[in-house]
Amino acid sequence: MAGNSIGEIFRVTTWGESHGPAIGATVDGCPAGLELDADFIQKELERRRGGQSASTTQRAEPDRVEICSGVFEGYTTGAPISLLIRNVDADSTAYEEIKDLYRPGHADYTYEAKYGRRDHRGGGRASGRETAARVAAGAVAKTLLREYQIIIYGYTLQVGEIKAGKIDFDQIELNPLRCPDNHAAAKMEELVEKVRAGGDSLGGIVGVTAQGVPPGLGEPVFHKLDADLAGAILSIGGVKGVEFGIGFDVAEMYGSQVNDPMVMKDKKVGTITNNHGGILGGISSGEDIVMRIAVKPTSSIAKP
Amino acid sequence: MAGNSIGEIFRVTTWGESHGPAIGATVDGCPAGLELDADFIQKELERRRGGQSASTTQRAEPDRVEICSGVFEGYTTGAPISLLIRNVDADSTAYEEIKDLYRPGHADYTYEAKYGRRDHRGGGRASGRETAARVAAGAVAKTLLREYQIIIYGYTLQVGEIKAGKIDFDQIELNPLRCPDNHAAAKMEELVEKVRAGGDSLGGIVGVTAQGVPPGLGEPVFHKLDADLAGAILSIGGVKGVEFGIGFDVAEMYGSQVNDPMVMKDKKVGTITNNHGGILGGISSGEDIVMRIAVKPTSSIAKP
Amino acid sequence: MAGNSIGEIFRVTTWGESHGPAIGATVDGCPAGLELDADFIQKELERRRGGQSASTTQRAEPDRVEICSGVFEGYTTGAPISLLIRNVDADSTAYEEIKDLYRPGHADYTYEAKYGRRDHRGGGRASGRETAARVAAGAVAKTLLREYQIIIYGYTLQVGEIKAGKIDFDQIELNPLRCPDNHAAAKMEELVEKVRAGGDSLGGIVGVTAQGVPPGLGEPVFHKLDADLAGAILSIGGVKGVEFGIGFDVAEMYGSQVNDPMVMKDKKVGTITNNHGGILGGISSGEDIVMRIAVKPTSSIAKP
Amino acid sequence: MAGNSIGEIFRVTTWGESHGPAIGATVDGCPAGLELDADFIQKELERRRGGQSASTTQRAEPDRVEICSGVFEGYTTGAPISLLIRNVDADSTAYEEIKDLYRPGHADYTYEAKYGRRDHRGGGRASGRETAARVAAGAVAKTLLREYQIIIYGYTLQVGEIKAGKIDFDQIELNPLRCPDNHAAAKMEELVEKVRAGGDSLGGIVGVTAQGVPPGLGEPVFHKLDADLAGAILSIGGVKGVEFGIGFDVAEMYGSQVNDPMVMKDKKVGTITNNHGGILGGISSGEDIVMRIAVKPTSSIAKP
């Protein structure tokens, strides 16, 4: 059945395989009158793109996005926004040899179990390439959220045993690993390089912080804000877990430690600490929404 | 907007507040011809019910479920199954005094921020009581899954610092904490009792294992099986995180350690280890689906 | 699969069979803070109820609605509103003899083809009784629409060969057929009585007019306002057709006749005529929304 | 909110404006392993295309469809099928002069009321051009339905006062109006030509017949097969009404005339007559599904 869409009011549908003619996304439900900058979408794609650093995936993918609909004279019209990215660097001959293999850690076997066949070229739909379409659609979402002064940071908290020692949002864009701690970033890069040279890969933890989310968002009970976010995060390939606020550490804590005392901040209701991670009862509290996400090592490695 | 339903083909809608006249669930999309045993639903509700142990919530709620529709002569008809549970033990006078308070750790403030008002009696819709409706609907789902030899275990892995030393499914129903390690269960109960006596509460970790899930379930890419499960799990009040397979431990591991080697098992494709937790590329692999869930301490405590 | 819900933001789910223990509806997504009068829902159910006139269905169903959730101190809370109606007058012994028959015009055969079994008591889910749950949920919708000064009239335009000669909304509630023309109503009632005495039934046409709908409602392209309304109308048992504005008469008309000239009315954009029936391009125009609905004769007749 | 998708299990999303860079459709949920012929999609687009006859719209649109995803080595993979059609003949300069006008019969005003702005070039999203994307997606659906021996005919029953005197499916493709009566077709074409020469346009009635639909399809109660079909049909621009089986004629008929007697046909349950139009209680009966659709005259005319 249909599984390639997310969202009800603002809905994103992605399509496209790693080595097919193109990939893309349709954003349906974006309000009219939003100034949408094609260059911004392009820049977001370039941020995602490999090759900027030895630490990340090495395939060169000079992605060019085309806005095929939904924007007129620079502004959204309320019609669906179709974003198209051609696959220009897709040599699939290398995949001929794995055609009849189920690679460990990959979705080769499960896709075949489900569909009775699979597009073996580069993982097909299960490829990390699918996220390029998300990044393009995400750039539209980011543009919209900016109108409401909502800023979202994504950053690397841990790679193997190296952890960020601090979270300084200003340092995120200063290093290729997007670590909020430049010092740790250097060590991470060094470690990744060493591991890759040995034909292996490494897992890590990604953090996400959303600032400026007003209180009152989220739908009890099955579409709690954290429930919908967790579903969205786990839909990204390679993610093995997600936690909010103090997350799994909660297991060894007392209620009296976890409950965040409430206070008035700038005439608004807030909490002194943010153990809850910005969401209470599935509804945003106005505090920063904080998530931590476990990402497994790339399955595509030389080492068996 | 509407947020009280989950599922597309088999859809559960719950309704009802902690201290309203009743709570209930509607199960829509259950196949016709399923033998549905009202006693089994009743037993599941009793399993959930507090008061069996000093370690769990103390309010006595003798829940009686009534099947109001969708079942004829003991079998489902394909029509929606409406399940009704009266709130018989709902004294709301005790909540009058918190009417104008935002209790820390609760959803009092966020509900009011969202709706402009709230049902302050016992947490209203945000109460843990809402899960009784889930349990009733879940009993229908369990009955259906049993037809396909799919068995789901839920169990307590950790309470405070006490961890289960082993996972023996046969011990789950032998202790009130539903810990798969009777020995640890005794210690957990002792600890809980001590903490409660001190006016406090404790967090913990819950495990879920689904056995017998055939390979091929899950919808790429936004409705991956783990994505939908994560969303469902986080929709339960008090859950702060979820992980699949090795989960967050993945951060410090190499790809060569994480990738599960594939083998033939009983003429079926399987994996030697189960680091992936039964889901690859968002599709079930045929191995056990394994989740770990972080649950925060009950917010309702005497200690400030 | 699940098919008993309608609407995305304001969603109604109905359940219950003609001769089961109860029927009901859950309204999810109703905004908080709406003053909801239980008596009004009750009155709407009584308006629907048979027995007021010899012309309509004769079974006495003294329906009492109970609001089980979602309302606190007279106002909606934003939580789902569960409405429960017991089936008190459901003697199903009379249906034993049709247990193994497929009655012509009924859904007996199709339900069995779909589900492999059926609840033969009074049509089960396919019974007109299902509409009682819609009426109860509709009373909530009406209360909400009233806040926006949107008024909806439903009325009988034709019964057999007798047509309403005029549409006077003030006469609708003055006769049991709810015909907007009292004079025609008397003739309709006489005809219905005669036909029923002969063991037969009659078809008719129902009109619906929605006044006060602001311009701009409806979602291009698959959820045009008329598309969603048509789907909703055809979901009512016995409906065989729906048309908007001039409807089928359009077939013999010229574009120059059909296009409604635009004018300013009270400083708002409007049209001189209303051939379009209040919806253009799937979006409300601000003019009255006008529908005509074809309803087949009751299938339950003495005459073979 | 999002409104450009239809279907839950097999879901079609369309995008694109009349004079934007391209239009397209994404088909999500199409089963894997279906042999999909790009030429067939192309031929369906050519069937739709104007210019074949003086009677239909005159703009030349040599539409070329590109399958961008979801098909590998000629077979569907289960991944979403993205279909792309470039707008090559889109000169929008002609529309500059209507930029500030609300054309009668068009959606100019309602789009502006809804979105605060509009793409005035050729009707933007409200253009009949949107249906090209439907035709492309429909070709995928047709291919799938063919596997189940389900054949769907669409044909012109009436244009102005000229009606088809018979329904001979073999004649549909023999005339440019796709009338199932060649004789009437010639008269229709003549009439259309005359009316067009006078700067005007004409309405008509379209018939649809689905053969081979097995009994048991459709979801009570809000997703009855006729309800979903009615919603789909009304989502097409210019449609003002739809009826099933005898439709509006039901108003003047008796139950004893309308009820279709049931019989055994080739060892299957069937009905002697087909007044019900192939759907009973919202579920297919196995008889032909028969719809009649009222289409208004093209609003774009020279005559004011």
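Read from first to last, the chains carry the letters A, B, C and D; within each, the first residue is number 1.
To be clear about the criterion, a contact is a pair of C-beta atoms (placed from the backbone, for glycine too) under 8 Å apart; a residue touches a chain by one contact, two chains touch by 3 or more.
Since the structure is predicted, the reported quantities are computational estimates derived from the model, not experimental observations.
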Distance in touch steps, counted as few as possible, from chain B out to chain D: 1
Proportion of interface numbers common to chain C and chain D (over half same, under half different): same
Angular offset of chain A relative to chain D [C-alpha, multiple of 5 degrees]: 180
Which of A-C and A-B has more C-beta contact pairs: A-B
Chain A and chain D: spacing of chain centres that average the CA atoms, whole Å: 39
Chain centre separation (chain A, chain B; CA means) in Å: 27
For chain A paired with chain C, centre-to-centre distance based on mean C-alpha positions, whole Å: 45
Chain A: positions in contact with at least two other chains: 1-5, 8-9, 14, 79, 111, 114, 125, 220
Chain C - residues contacting chain B, complex: 1-5, 7-11, 13-17, 20-24, 26, 28-29, 32-33, 66-70, 72, 75, 77-82, 84, 111, 114-119, 121, 124-125
Footprint of chain A on chain B - complex, ascending: 1-6, 8-9, 12, 14, 102, 104-107, 109-111, 113-114, 125-126, 130, 158-161, 195, 199-205, 215-224, 226-235, 237, 239-248, 250-256, 258-262, 269, 271, 276-277, 279-286, 294-299, 301, 303-304
Contact footprint of chain B on chain D as seen in their complex: 8-9, 79, 220
